[in-house]
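What follows is chain A paired twice: with chain B in the first complex and chain C in the second.
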Partner chain A sequence: MNISISLTEIGSELHAKLTGEIDAYTAPQVKESLHPYAEKAGVKMIVDLTDVSYMDSTGLGVFVGLFKKLKSENGNLILTGLSDRLKRLFEITGLADVMNVNTEVEGGV
Partner chain B sequence: MDFRDTIESKYRDIMNNYLNDQNEQSLYQAQKLSRKLIEHHIVPEEIISLHKTIMLENELTRKSFSDSFDILLEVMIGYGLSYREHQSLRTEQLALKSEIEVAASMQQTLLGTTVPKIDGLDIGAISVPARQMNGDYHHFIKDENQCLGIAIADVIGKGIPAALSMSMIKYAMDSLPENRHNPSAILESLNRVVEQNVDPSMFITMCYGVYNPWNHKFLYASAGHEPGFFYSSENQTFQDLDGKGLLLGIDKKTKYKEYELNVLQGDMIILLSDGVTECRTKEGFIERENLIGYIEKNIHLHPQEIVANIYKDLERLQEFELRDDFTLIILKRTE
Partner chain C sequence: MREAFDYIEMKIPAMPEYVGVIRLTLSGIASRMGFTYDLIDDLKIAVSEAITNAVQHAYKKDEGGEVVVGFGLYQDRLEVMVADSGKSFDINKARDEIGPYNENSQIEFLREGGLGLYLIESLMDEVKIHQNEGVTVFMTKYLEGEQVERNVETIST
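== the complex of A and B ==
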């Protein structure tokens, strides 16, 4: 039920690293931290979920909201470092086909 | 100087000014200071302690003692207002709580579904909310031809908007008779409605199927819903009810694929919400294979008993604390 969020802004890219669990208690925090960036135009948002041990559908809701917002502002959402369990969640819901979801973490800048 | 030092020095100034010359200006400044203290979460005890310290630094006369309390009173009035606001908020909160209780019971009444009787089919269903409003929804519909339509959905999003989405599903099913045999059409039409009408971070997973007791076929489509199981009594094996499809409410152009199963005597169709597979125990998540084990343990019972027993077992495993709404439906062909 804990989450820690670290953000790094590099030009029009936002790199976010989340650690912990994304559930009904922590999802609002994630939304509050990331949503303001999604509202700017043309932002590339890369979220590293390597250290996210659990995510439920409320967490999914946050990413769906971010995805839609970024898309409407010509931005981009990329999720990386998903565990098998998380990957499965995105596959079952069909989101893996519409969102950029990969299990490799992008190389450092 | 940090904020606390500023406070101390400000309070001291106001006190000393007032002790020298009991004027309105100092009282007004004390009032202003009070608002700042509350904004910065300074607790009343700190002020009283500071007051005591300042008084002990001064000459204590009956008059100075009494005058000093005029200042303290001004400061405390602010805290008093805060306290009354807190009480009023608490009353509001209690009122909201009972409103939710009313909404939850309305939800049960308006959206309730009864398990129909279908010849040659035993049906078991259980749905338990984790909190007051159930985010899972399921609905049975039987038509004049004895065909059974069954929907199971999980609304992501809470409270009243989520419950209203469920009404959309129910009325879509009840009012589209020609589509009831066409799971793809039902999901496509619901998808368009949800996409238009629902807030961007709300979405719905859903599985809709129709069982035809004449040809014993089960036709279904899924919108991102947790896959169920199909039990073959001939092979005594379980397989996942595959079904790919995007969640409802993401893209209004989404198309849904239909899948067909032949249901032989003794076969079972098991539909569930992710509250079942997300059960967390001391050892970690219950895996789908473990769930199959629980079903197998109860396999000879009537589906209603199977679902009740599984719920009891999983409830106990989670130490009676449901993490998520729990819905489990089992159809068994008996003849």
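== the complex of A and C ==
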């Protein structure tokens, strides 16, 4: 019922790895740690969701907010490592068509 | 004769840190009843959304309060009731603001909230919402779960 967030900055890329559950309690923590990076110009934010065991609309809201902010600053948001369950959540809500949602974890960091 | 069922009820403070506690209880109840892993996950999201709505509403107005969650365990289905503590919100307005995104949505107009009710209705087999002084959401999930698959297909096309 908690989330841990690890961040690695490589040039203009931010790699974020989230572990745990994203819900009404933890979504604000995710937003607070990632939003400051989205405000810089041209950031490519890569978020690894492999170890996210639960997510609901509160998490979707955070990623929509990040996506909007990054796009407005000519940046990009890439979500990786989504389980079938998470993929389904993005598909039901129509977000999969709007955002860049990958299911493979990007290798070779 | 009335249909036999077991009833379990919990009352939590209207605070986000307790949504996960209900999810744990719900997982226990649903797996006890024989729901599959996927259906349990649908239930977890739908019930969390209902509680989150109640909690966020109470929070916005800084009124505190409690959320009551009741589980009715029937032979063929689980009924979940989520009731907030009498702080009303405008359900019609909330309904207008729900719904999926579509690919033509302009990025700057994407909503960052309002998907909760939509997800509840997509993931559960039956949903009823009563509004008096507070809001009570009644949700039903059948053990076979065929109905929801049909619903989701309709929505995604």
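Keep in mind that, in the parts below, the second predicted complex is superposed on the first by the 109 of 109 C-alpha atoms of A that agree within 3 Å, B and C clash if a C-alpha of one lies under 4 Å from a C-alpha of the other, contacts with A are read in each partner's own complex, and residues count from 1 in each chain.
FYI, contacts are C-beta pairs under 8 Å (C-beta built on N, C-alpha and C of every residue); 3 or more make two chains touch, one makes a residue touch a chain.
Note that the structure is predicted; figures quoted are calculated from it, not measured.
After superposition onto chain A, the modelled positions of chain B and chain C overlap sterically. Once the two complexes are overlaid on the shared chain, A:S57 sits against chain B and chain C alike. By the document's definition of touching, neither partner reaches A:E13: not chain B, not chain C.
Comparing chain C and chain B on the residues of chain A they touch gives the larger count to C.
When the shared chain is aligned, chain B comes close enough to touch A:K69, but chain C does not. By the document's definition of touching, both partners, chain B and chain C, reach A:T93.
Taking chain A as the common frame, chain B overlaps chain C at a single listed stretch, which among 61-69, 97-105, 115-123 or 259-267 is 97-105. Residues 56-58, 60-62, 64-65, 68, 85, 92-95, 97-98 of chain A lie at the contact with chain B in one complex and at the contact with chain C in the other. By the touch rule above, chain B contacts chain A in their complex via residues 154, 156-157, 200-203, 205, 223-227, 244-247, 250-251, 274, 278, 285, 323-324.
Chain A contributes residues 31, 56-58, 60-62, 64-65, 68-69, 85, 92-95, 97-98 to its touches with chain B in the complex. Chain C meets chain A in the complex at residues 16-17, 19-21, 23-24, 38, 41, 44-45, 48-49, 51-52, 55-56, 100-103, 105, 107-108, 110-113, 115-116, 118-119, 122-123, 152, 155-156. Across the complex, chain A meets chain C through its residues 1, 21, 23-25, 54, 56-58, 60-62, 64-65, 67-68, 71-72, 85, 89, 91-95, 97-98.
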